[in-house]
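The following blocks contain the structures, represented as structure tokens.
In what comes next, subunit A is part of two complexes: it sits with subunit B in the first one and with subunit C in the second one.
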Partner chain A sequence: MMEIIQSKHWVEWLITICKFGFAFVPVIFILLLIPLERRGAGFIQDRQGPNRSYFKIPYFGRIRLFGWVQNACDGLKLFFKENYSPSGVNKFIFSIAPAIPFAIVLISPCVIPWFAPMVFTMGDEVIRISGQTVDTEVGILLLFGLSSLSAFGAVLAGWASKSKYSLLGGLRTSAMTISYEVCLGLSIMGILLLVGSFRIDEIIAWQEANVWGIVAQPVAFFCFLIAMIAETGRAPFDVAEGEPELVAGFHTEYGAMQFGLFYMGEYSHIGINSILVACLFLGGYSVPFVTTETIQSNIGISLAVLCGIFVVAILAFLHLLYRYARWYKKSAASNKQVILREYSLYKILGWAAVVVFAVAGVASALFFHPQFTVIDGQPVYGIGVALGTALIHILVLLVKAIFFCWIWIWVRWTLPRFRYDHVMNLGWKVILNIALVNLVLTALIAKLLGGI
Partner chain B sequence: MLALIYFIILGVIAVGSALCVLLSRHPLYGALSLVVSMVSLAGIYGLLGSPFVGVVQIMVYAGAIMMLLTFVIMVLNGARDSKTPMFDKVSLFVFPAILLLAALLGFALISTPLAFNAETLRGSVALTSETLFNTNNKGPGYFLLFEVIGLLLLSAMIAAVLLAKKNLGSKETEEITEVH
Partner chain C sequence: MVRQIKQKPMNWIERLYIFEAFRGLWTTLKHALRGLLRYETLPTVPYPEIKPEISRTYRAKHRLMLRPDGTPRCVACGMCATACPAHCIFLEAAPAEDGRIEKRVLRFDIDHLVCVFCGLCVEACPVDALRMDTCDTSYVFRKREDFVTPMYQLMSWDPKDYPQDDLQSQMAPGGTKNKQALDAWGLKVN
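Moving on, here comes the complex of A and B:
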């Protein structure tokens, strides 16, 4: 046992253990996605969305956090409801089914690279840490395998519920999964062919060196996106839940946190899939037009730019607040004093954050000049530079992923839903064939031009 | 050492769930145990230095094929089959055959020098593609076999589609569609 512990430097162990925390990123995405979905739906349908719940603090009064409190209330409600199951259900499978998608969501992020491989010196040693939690050469295949397993949750739930609506929902889920797994796999084959590897970090390195996947494989990108949206089973592909037809599909008989687990599984699946699309087609963690080496040699200025982006974002937020506040002051709303009180807290916090980020940015630009040692002709920096680069990479990846999360919500609330046979036609007769033609064309062009 | 512990855990799960496939009364329980067995087998492949084979096991068998199987069980309502007795006259011939096969396999496994070393790569992506598609070193043997298997699967699929479609044009099915 001591040999295993001593085989790595303690910093390496610390970072390796910290990387397990990335398993919870999709779960944190739930916190982001639920308000984004509700307020986004409100935005698209020209209404406010749920934002009335609040908690009280002294002086500032009712704090609503733009609808975040509402979600905390919903979550609490689901947690404290009684776990109810109708008579005649298959108890064991009924209670284990909601856990399957959620458990798989916790495993899936292990193969996603969150930052470029870290190389830094610590004392005399050179330490290398890869960006994934599990450094395996079959990364993307493992993700697809796990996501095809997660459909078992819905299928088993539909069967165990002993209800016709649930059973139909479960059957439709399994049919959807099988059909769209095929499209999903085939549409990324083109980019895998160009890169020549299943490793997601190598796919990202290829995109950093050449062009983003969305430029190299635009057709595959749209096929992949459609198949992904269909695989999460959301509108317009919500034939498995199908509110107009099947009550609520496979989770008709579920309540309380068992329903909540399905709900959380669906949202974190969206989170995982957005991260995956960002990795495969938008260059993952790579910053556009800037290589990792440039970031590392100018780390102080890079961090200063990052702080500057934060400052601009917070200033935009403050601008929004001031406009709302001006509008409320003029309006005849009865609760305008309460709302203005609440906004004053956000203003204080926002200005404080602006000052902090501005000072941090200026300080890092002026005083952060890294030392490096040259190893194998490459400059290798200390741990501070490595951590700073990793931070920038993680944030870039998350921004790209959140953009795709918004596309998910956008599609859901704008397009009308498909009928079941239309979904199957689209999958087998349109997307599959486009993906196949794309694969053959890519192979031909790559052979003729690149000689791969 | 660590790999051995993982192997024992995975092996117990694999064998236990394989026994469940035999002993479970309901076909769906059997299918689910088969899924568990296949996933733990995939883990064992990963331990043996064949991550590619393990992941393909999860994708193809545990994901796609078992999904189809549960689909069929749910559509056909296989629960009616749970009345069939677990042992009948055929078992008299099946059991000795299984024991003989197990003995043969065990003998073959024990007599081959198969050192358990988790570090060596046996079924990695590069190695698999080298074995299957590198026609320079080993001749076109595996390559041709691979292509022929693809053709075989395609013909099987076409046959299945033809068999399923044979009844579509007949009088009975037309009447059914009219009723709907």
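Moving on, here comes the complex of A and C:
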């Protein structure tokens, strides 16, 4: 035991343990996705979306956080509702089923590389910490295996509920998961062929060295995206819970937080899937047009640019806020004082953040050129650079993932639900064949051009 | 006449679905960006704080028109109560003090919980004493009795809230045409 602990320096241990925190990234995505979905749906339908709930703080009054509080309230409501199950259900399976999709989501981020491997020299030994929590050869296969496991939640829920609607919903989920898993696996075969590895970090390194996967394999990208959307079971592929036919599908009999778990499982599944798409086809953590070496040799400037981007984003946000506040002041609303008071808080916070980021950016451009850091009396070369690069990489990956999350929501609120047989036709007769043809063509071209 | 609507058959690009799906996505993207970047131009309004604009021709809460001296113009003929399909107008008549008028109205209640806002009472009134152009659509009370709107409430409207070219409203006390109307109406006959 002591040998294992002493085999690594405590700095290395600290970073390694911190990486476990990434397991919660998809869960944190829920907090982002639910408001994004509800307000986004509102905007798409020319509504305002939920924006009413508030909590009160002194002086600034009612704080609504742009509708975010509403989601917290809904979550709270689900949390305090009574757990209810129909009579005659298999209690154990009935209550374990909602936990499955959610538990899977906590495990699956382990193979996602969040940053390029950190390399630094400590004393005279070189330490390399890889970006994923579990450094494994199978990589993406493990992820696929885990994410298809989450269908068990739906199937077991459908079976345990003792309801025809639930059972049909569960059946449809299992059928759809099976058909689209095939497309999912086959559509990325092309890129795996080009890279020659199952490891996601090698796929990203390949994309960084050559081109992004979306350029190299555009057809595969579309097949993969469609199969992914189908696999998460969201519109237009949500036949498993199609409310005109099946009430709510597999979670018909669920209420309260058991339903909430399904809901959260679905959203975090979207989160993990968008991270995966970003990794496979959008270069993962790699910054567009800039190599990791450039970032690392100019780490101060890079962090400054990052701060600059933050400043610009916050200024744009403040601009929107000011414009809306000006309009509200002129409108005939009866609650102008309340709203403007609330906005003054956001304005103060926004300007404070602008100042902080501006100062931090300038400071890092001027002063952040770490040659070495002294830890425990011995100089450590490059740990500052490694940590800074890791920060940039994580943020870049998250931005790409959030973009894909938006695609999920966007597609859901645009396209009508397919009929069940259409879904199956699309899966087996169209996407599967396109993916196969794409695979063969990729193999041919790779053989002819690259001689791989 | 039977109108036949010819549906254009889809061409093959449309039948492929994927391109049409992209067109749909583009449309929704425009709407989403409008909501995000031009939030104030959304056609929906935050309702109780900002009231929607309601046209004068909308059948809203009733009001009783006034003579230049401020008495209700109603002559208590009971036509509105007769016409009302919901039987929600309750009126009592009394002999008028003004010799030119036969009857005056003592009590005039409209139960707005029962009213179906059909506007037949307005149509029925022979002297244009009843109108539904207050644009008042949201009145909320805690008790059922409060929804029975009595006469003094129906009469308590302000000519300033009504357009200038609404001469009938401007003749009421406080209106711009009140003085001329009083002259034409003549002094009160006791």
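Here, the second predicted complex is superposed on the first by the 439 of 452 C-alpha atoms of A that agree within 3 Å, B and C clash if a C-alpha of one lies under 4 Å from a C-alpha of the other, contacts with A are read in each partner's own complex, and residues count from 1 in each chain.
FYI, a contact is a pair of C-beta atoms (placed from the backbone, for glycine too) under 8 Å apart; a residue touches a chain by one contact, two chains touch by 3 or more.
This structure is a prediction, so every number in the text was calculated from the model and none was measured.
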Clash or fit (per the criteria above) of subunit B with subunit C on subunit A: fit
First (subunit B), second (subunit C), both or neither touched by A:Val411: second
Which of subunit B and subunit C A:Gln45 touches, first, second, both or neither: second
Partner chain in contact with A:Thr294 - subunit B first, subunit C second, else both or neither: neither
Partner chain in contact with A:Leu320 - subunit B first, subunit C second, else both or neither: second
Touched partner set for A:Leu141, first subunit B, second subunit C, both or neither: first
Partner chain(s) touched by A:Ser331 [first = subunit B, second = subunit C, both, neither]: second
Angle at subunit A between subunit B and subunit C, C-alpha centres, nearest 10 degrees: 120
Contacts of A:Asn83 with subunit B and subunit C, given as first, second, both or neither: neither
Smallest separation in angstrom, by C-alpha atoms, between subunit B and subunit C in the superposition: 27
Subunit B and subunit C footprints on subunit A, overlapping residues: none
For the subunit A and subunit B complex, residues of the former touching the latter: 4, 93, 136-138, 141-142, 144-146, 148-149, 151-152, 155-156, 158-159, 167, 170-171, 174-175, 177-178, 181, 197-198
Contacting residues of subunit C [partner subunit A, same complex]: 21, 24-25, 27-29, 31-37, 39-40, 42-44, 46, 48-51
Residues of subunit B defined as touching subunit A within the complex: 2, 28, 32, 35, 39, 51-52, 54-56, 58-59, 62-64, 67-68, 70-71, 74-75, 124-125
Of all residues in subunit A, those that touch subunit C in their complex: 39-40, 42-49, 51, 320, 323-324, 327-328, 331-335, 410-411, 413-415
